[in-house]
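In the two complexes that follow, chain A is the common piece, with chain B as its partner first and chain C second.
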Partner chain A sequence: MTTPLLNRIITVLSDILDLDPATITADSYLIRDLNAESIDLLEIAVTLNSEFKTDIDDDAIFLKNLRIYLNEAGESQDDKRAYLAEKYPFLDQARIRDMVADLEAGPVLKVRDLASYIQARVADHE
Partner chain B sequence: MPDRLITNPIKTKNQRSVVITAMGFVSVMGSSASEVHESIVANRRYFTRPGSHPELAEAAVRYFDIKSFTGRCKEARYLNRGAAMATASALAAVQASGLDGKQLEHAGLFTASGPNMDISGEMPNIRNGIIDEQGLKALFLLVFLPNTATSLISRLTGIHGENMTLGSACAASLMAVGEAFRKIRDGYLDIAVAGGGDSRLSPGGLLSYKKAGALWHGHEDPDTAYAPFGPDLKGFIPGEGGAFFVLESLDHASQRNARILSEIKGYGATLDGHAMTAPSPSGFYAENAVRKALDEAGITPSDVDLVSAHGTGTELNDRMEAAMLCRVFHHNPAIVSFKSWTGHLASACGAAELALCLACSDHRLFPGVRNLTESIAPDLDILIEPRDIRPSHILLQNFGFGGQNCALVVKPWS
Partner chain C sequence: MNLSFSGKTALFCGGNCELALALAPLVIAEGIRPVLSCRSEAAREHIVQCLNEYSGAFDTCFMDFDSPSSLTAAFSALDNNLDYLVDFVQGDYENLVAAADPDKTGRYMAAHVAARADMLKRAARIMMHRRFGRLVFVSSAAAGRPNPGQGFYAAAKLAAEAMYKNLALELGSKGLSTVTLRPGYVEAGRGKPYIEKNREALLRQIPSRSFVSTHDLASTLLFLLSDQARHLNATEITMDGGLSAGKQRL
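Coming up: the complex of A and B.
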């Protein structure tokens, strides 16, 4: 996954997190790999807002309520996936499946999730 | 006003000796003792005309890059230029000290902080009182909060002990060192890191002091015209920079075989209670601060052989200060004013002047006050050219807006 949109997001992340952009990929975890903290997420949201001229819902783009939604969802893996798909319509099924399988290892948010969110927001405007 | 000042320094047998074991600084004259020495020998000049106010002069530090001190550091985005110079100086001092993380954990941190006056730089678009949010950071408030450098220095060095952020104008960084000194002397801390950093060279910073009537201005060449303690006292030339020190109890420093730069002997601070900006012309409480520092050091005025004057080049400061020095000292100690070289570093001036004093002591060469062809105080031995001095006791003094007075006595280690 390398698109102009992704590259713009990587530029924003490298600038705010003071990281070499070459070390950031679509599959980098924001919190696990890039050590983003809560104030960094605030800065990322306002900068993406201005970069892409679109309102950013912090809770959605950073999957802040993911664990709450998982608690609300049914017990089965299918129920969980279906519930998350409803809450995060910008994520595709394969990504949701990976996320649910990856929960034990820590925060699942990846750079590609930001790109998916922005992609959907920009598409909404068009 | 009382007839005479009363000083009763509290003396107990438990008071400990306090020494400076490392320093780090950022200044136009350089960032090491040898660079400062070279600057004096080469008689380098640093004043330029600011683009936003060509009638003024400033002394800007060229090629300063906070990242060369911190490495990659995302939090640096929240540092205004003065806070960045504070952070850089503190990191340099801590690194030079050789203290490890376990020792630093219990250290104290005393940081002087000036207001961020870079209004147009931080908020380029304000119309009819409405601030355009475009380009503002989510936490842009951090570039205005006084303790942002304190917070980042703690995070980068692992200092977790007692701390204080001082906003006492141009006395603040010498007071930071003085307060840290007392915390160690009285046993609250074994190690403290103290100093400050400041820059008011932005258009907003220059405008604020220009409107207050405090800045040197004119068509003459500032490098040949600006002379603290001279007859034409038109105001100060603003500068920028930072300086921090690592202070330790003598016992602590000795146990780890640390190199000792200086002992801190005494500190005094007072308030004029006179005016919002101008010092009290009587200099009564300024003198009181000086005498407190001398008393606390257990010395008399005649033991001081070098005074680092506040010497801003303003009529109000220099006349008050010269008269006060004449009252206190009758044996003609040498007097220096670094502001004729560096400009006025605002809240960082005291720490910077202490760093420059220690650098000059190291190389036994102190600079003269520039362009001082005629002194307002001919009885004072104000250096007009570099002089070989090996001071036994140095008195530093700073007098800030709002009547903030402070003085510190240090004894270079031999």
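Coming up: the complex of A and C.
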């Protein structure tokens, strides 16, 4: 996944997190790999808002309610995936499947999730 | 002392109150353009009339904490230009805690705490992107020492003070600073009739033997907005002539 939109997001992340952009990929985990803290997430949201001229819902773009939604969903893996797909319509089925399988390892938010969110928001405006 | 100001645009929430109208000419003289918020067309006309001689040097906007959707329009009109915020908003709700209607209390807190939090979120996000923001909350000495009947007023003020303080803690590294001013008895607005009725008895309670004037308060607010006051951050300052420092005098 390399798109102009993703590259713009990587530029934003590298500026805010003071990282070499070459070290950030679509599959980098924001918290696990890039060590983003809550104040960084806030600044990322504000900067993406300005960069892409679209309102950012912090809870949605950073998947802040993911664990709550998983508790609300049914017990089966299918139920969880269906519920998350309803709550996060900007994520595709493959990504949701990967996220559910990856939960044990820690926060699942990836750079590609930000790109998916922004892409959906921009498409909404068009 | 010469004061300096790094910003150019100020939002006065509750901009039609006497204090905001006294502060507006002072900031205009410093090259700052105030945007005075109000809740009705009549209030907007009042602002325009009072600031008639400064026509073209200020703006107005509609903002009502009872109508959170009005915040969207108000902040959109600012177009990401915001350096200063002075928050004068405080609705009147005097009631004994044990006598208060829960629905009224809920609405009051929704407006003065939840809607204010929404307003602060919007302002802070603009300011942190600009790497500068100075916010002054006009609280009240009653936040720390309320009279009977002022429980909800004090609760709302204390909640707001906490939000302003935390903004400074959380976003200090992004250029934001905040301070809360707690005036005592001010000869303006809702306090004026109370002062007129109890003047002598109140003066005996105040060590400085004087009330806070609108001009004194506006001048102090101007100083708190200035670059020179930036280290007064994440704190509350009481401006009551010493009223709350000692025990009540009989």
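Simple rule for what comes next: the second predicted complex is superposed on the first by the 126 of 126 C-alpha atoms of A that agree within 3 Å, B and C clash if a C-alpha of one lies under 4 Å from a C-alpha of the other, contacts with A are read in each partner's own complex, and residues count from 1 in each chain.
Here, contacts are C-beta pairs under 8 Å (C-beta built on N, C-alpha and C of every residue); 3 or more make two chains touch, one makes a residue touch a chain.
Keep in mind it's a predicted model, so treat the numbers as computed, not measured.
Participant: Using the superposition on chain A, tell me whether chain B and chain C clash or fit.
Facilitator: Partners clash after overlay.
Participant: May I ask you to decide whether A:99 touches chain B, chain C, both, or neither, giving the answer as first, second, both or neither?
Facilitator: neither
Participant: For A:40, decide between first (touching chain B), second (touching chain C), both and neither.
Facilitator: Touch status of A:40: first partner only.
Participant: Look at A:48 in the shared chain and tell me whether it touches chain B only, chain C only, both, or neither; answer first, second, both or neither.
Facilitator: Neither chain B nor chain C is touched by A:48.
Participant: First (chain B), second (chain C), both or neither: which does A:19 touch?
Facilitator: first
Participant: Looking at chain B, which part out of 133-141, 277-285 or 403-411 clashes with chain C after superposition?
Facilitator: With chain A aligned, chain B clashes with chain C through residues 133-141.
Participant: Residue by residue on chain A, keep only those touching chain B in one complex and chain C in the other, then list them.
Facilitator: Common interface on chain A, chain B vs chain C: 39, 42-43, 45-46, 50.
Participant: Over in the complex, which chain B residues touch chain A? Could you list them?
Facilitator: Contacts found on chain B: 72-74, 76-77, 134-139.
Participant: Which of the residues in chain A end up touching chain C in this complex?
Facilitator: Touch residues, chain A against chain C: 39, 42-43, 45-47, 49-50.
Participant: Along chain A, where are the residues that touch chain B in the complex?
Facilitator: 16-19, 39-40, 42-43, 45-46, 50
Participant: For a test of understanding, state which residues of chain C touch chain A in their complex under the given definition.
Facilitator: Result: residues 80, 125, 128-129, 170-171, 173-174 of chain C touch chain A.
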